[in-house]
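What follows is one structure encoded as structure tokens, with my remarks underneath.
Chains here go by letter, A, B, C and D, matching the order in which they are written, and residues are numbered from 1 within each.
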Amino acid sequence: MLYLILAIILSIIITFYRLIKGPSVPDRLAAMNSIGVMFLMILVLLSYYFERKIYINVALVYGVSIFMNVLIMVKYLQKPEKGGSSD
Amino acid sequence: MKKKLLTFILTLALWLVFAGHINFSVFLLGTLVTIICSIISRMFAAEVFRLLLMNYEVKVSFVKIYYIFLVVGAFIYDAFLSAVRVSKHVFEINPSFSPKTVQIKTSLQNLPSIMILSNLIALTPGTLIMDFNILNKNYFIHWIDVRSEDEAALKKALIGKHEKWIAKIFE
Amino acid sequence: MTGGKVVIYVILNMLMIFLLFTAFFAVFTKNLLNSIITLAIFSAILIVIFVILQAPDAALAEAVIGAGLTLTFFVITINKTKDWQNE
Amino acid sequence: MINSISILREIIAYVFLITGTYFLISNAIGMIRFPDFYLRLHASSKCLIAGSISVLMGCIVLEGISYISLKLIIIIIFLLITNPVAIHAIAHFAYNYSIKPQKIVKNDIKQ
């Protein structure tokens, strides 16, 4: 099970290249979303490696936090002349 | 009163799941917390539980549960099928695409059913939603490899049977 | 030292180096949005390191406060200063 | 008898886990290789959802029936609802941010 975690960490490092080089802001947002879900999978697999199943609560709380981050960034970072935040 | 009772029961069940074991003190603390949570959430989310609480007959609700299972099965099946196709595109040596933007008109009326249909379109192979026009009820869809130009075949390939299932749940 | 412990030390050291790399990138980049998006990944790596060191309470506090609240406040502050649009 | 059933369960669980890891790696490679932003978003939506669901289903098969598997099912339902919404929000943000697709051809449908 540890080798699967190692493979997922390698894929995170590959995705981080897109976050450094990405030519625009939405590229970086998509990279942030996928890196967050990959870390959530690592949290679930680590709780099975240590055999303490109460670590899944951390994954549950973090899963809510990713979604909130993406929605708040999309709502507040729009350009104002192209139909930005209406309220 | 009925809405508050339903919210209270749902949040108490979620509390007992998160606690992991059932005890008297856990149950007492759970009732106190969930009463406060249900009163607060009723102030904001009046629209969410409106769909669940329409007065249906018993037989109709069982049919709805059957279609809900169909839609969840379609979600998971479409996710795996489209992931296999996209990962086949990833490992090609020279990946070739012909992307295009199309419009498709729906016949659904409720806003939640439109949301669930857009989630389904985001998971079917090769499509992605860019925008939604609420006056004409048109989806703007970005598609990887376009095969046909006809509107009927294009609509049948995308939302052929899912639209009927969702229409039987919400309308 | 058995075979399982070597792999988990490799994972821990790899995450430490990655943490240092994201911290330097968040400080030295020029655009403010890149700095905020990198800060989300910084807190995600910190959560996984806390779980590997077997401190789930610190990981829960980090998941709520570090990845949720401070990022929200940073985004709202940058939206109100209106300086990020000129870059 | 019991031993063979447990071995079969572990084989099924590891097939699910390895499939999920393959989808996550293909997501990471697709994020680099594709030329356009919307094509990258295709790879980032489908492979991500399929990989995460496959890993969680492998953990459910490994666990059995308990409270823990109920928590994992809650995570699966949460991901199935919220991840396409996040992808749709990012695509709408990019469309307002004036990033156009490569070959945009409007299909004029007579309604």
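As a convention for this text, a contact is a pair of C-beta atoms (placed from the backbone, for glycine too) under 8 Å apart; a residue touches a chain by one contact, two chains touch by 3 or more.
Listed by chain with UniProt protein names: A = Multicomponent Na+:H+ antiporter subunit F; B = Multicomponent Na+:H+ antiporter subunit E; D = Multisubunit sodium/proton antiporter, MrpG subunit.
Keep in mind it's a predicted model, so treat the numbers as computed, not measured.
*Asks:* Which chain has its C-alpha centroid at the greatest distance from the C-alpha centroid of subunit A?
*Replies:* Computed centres place B farthest from subunit A.
*Asks:* Counting C-beta pairs in contact, does A-D beat A-C or the other way around?
*Replies:* A-D
*Asks:* Can you check how far apart subunit A and subunit C are, centre to centre, with Cα atoms defining each centre and the answer in Å?
*Replies:* 11
*Asks:* For subunit B and subunit C, let me know how many angstrom lie between their CA-based centres, rounded off.
*Replies:* 31
*Asks:* Taking the mean of the CA coordinates per chain, how far is subunit C from subunit D in Å?
*Replies:* Spacing between the chain centres: roughly 23 Å.
*Asks:* Where does subunit D touch two or more other chains at once, residue-wise?
*Replies:* Counting only residues that touch two or more other chains, subunit D contributes 29, 41, 51, 71, 74, 85, 87, 92.
*Asks:* Of all the residues in subunit A, which ones touch at least 2 other chains?
*Replies:* Residues 25, 29, 54, 57, 66, 77, 79 of subunit A each touch two or more of the other chains.
*Asks:* Considering subunit B alone, which of its residues make contact with at least two other chains?
*Replies:* 18, 20
*Asks:* Using the touch rule from the top, collect the residues of subunit C that touch subunit A in their complex.
*Replies:* 4, 7-8, 10-11, 14-15, 18, 22, 25, 33-34, 36-38, 40-41, 44-45, 47-48, 51-52, 54, 56, 59-60, 63-64, 67-68, 71-72, 75-76, 78-79, 85
*Asks:* Under the stated contact criterion, what part of subunit D meets subunit A in this complex?
*Replies:* Of all residues in subunit D, those touching subunit A are 17-18, 20-21, 24-25, 27-29, 31-32, 37, 40-41, 44, 48, 51-52, 55-56, 59, 62, 68, 71-72, 74-75, 78-79, 82-83, 85-87, 89-90, 92-94, 96-99.
*Asks:* Which of the residues in subunit A come into contact with subunit D in the complex?
*Replies:* 1, 4, 7-8, 10-12, 14-15, 17-18, 24-27, 29-31, 33-34, 37-38, 40-41, 44-45, 48, 53, 56-57, 59-60, 63-64, 66-67, 70-71, 74, 77-79, 82-84
*Asks:* Write out the stretch or stretches of subunit A touching subunit C in their complex.
*Replies:* Subunit A reaches subunit C through residues 2-3, 5-6, 9, 13, 16, 19-20, 25, 28-29, 32, 35-36, 39, 42-43, 46-47, 49-50, 54-55, 57-58, 61-62, 65-66, 68-69, 72-73, 76-77, 79-80.
*Asks:* Going by the contact rule set out above, which residues of subunit B touch subunit D in the complex?
*Replies:* Residue list for subunit B touching subunit D: 17-18, 20, 72, 75-76, 79-80, 82-83, 86-87, 89-91, 95, 97-103, 105, 115, 118-119, 122-123, 125-126, 128-131, 136, 142, 144, 149, 151.
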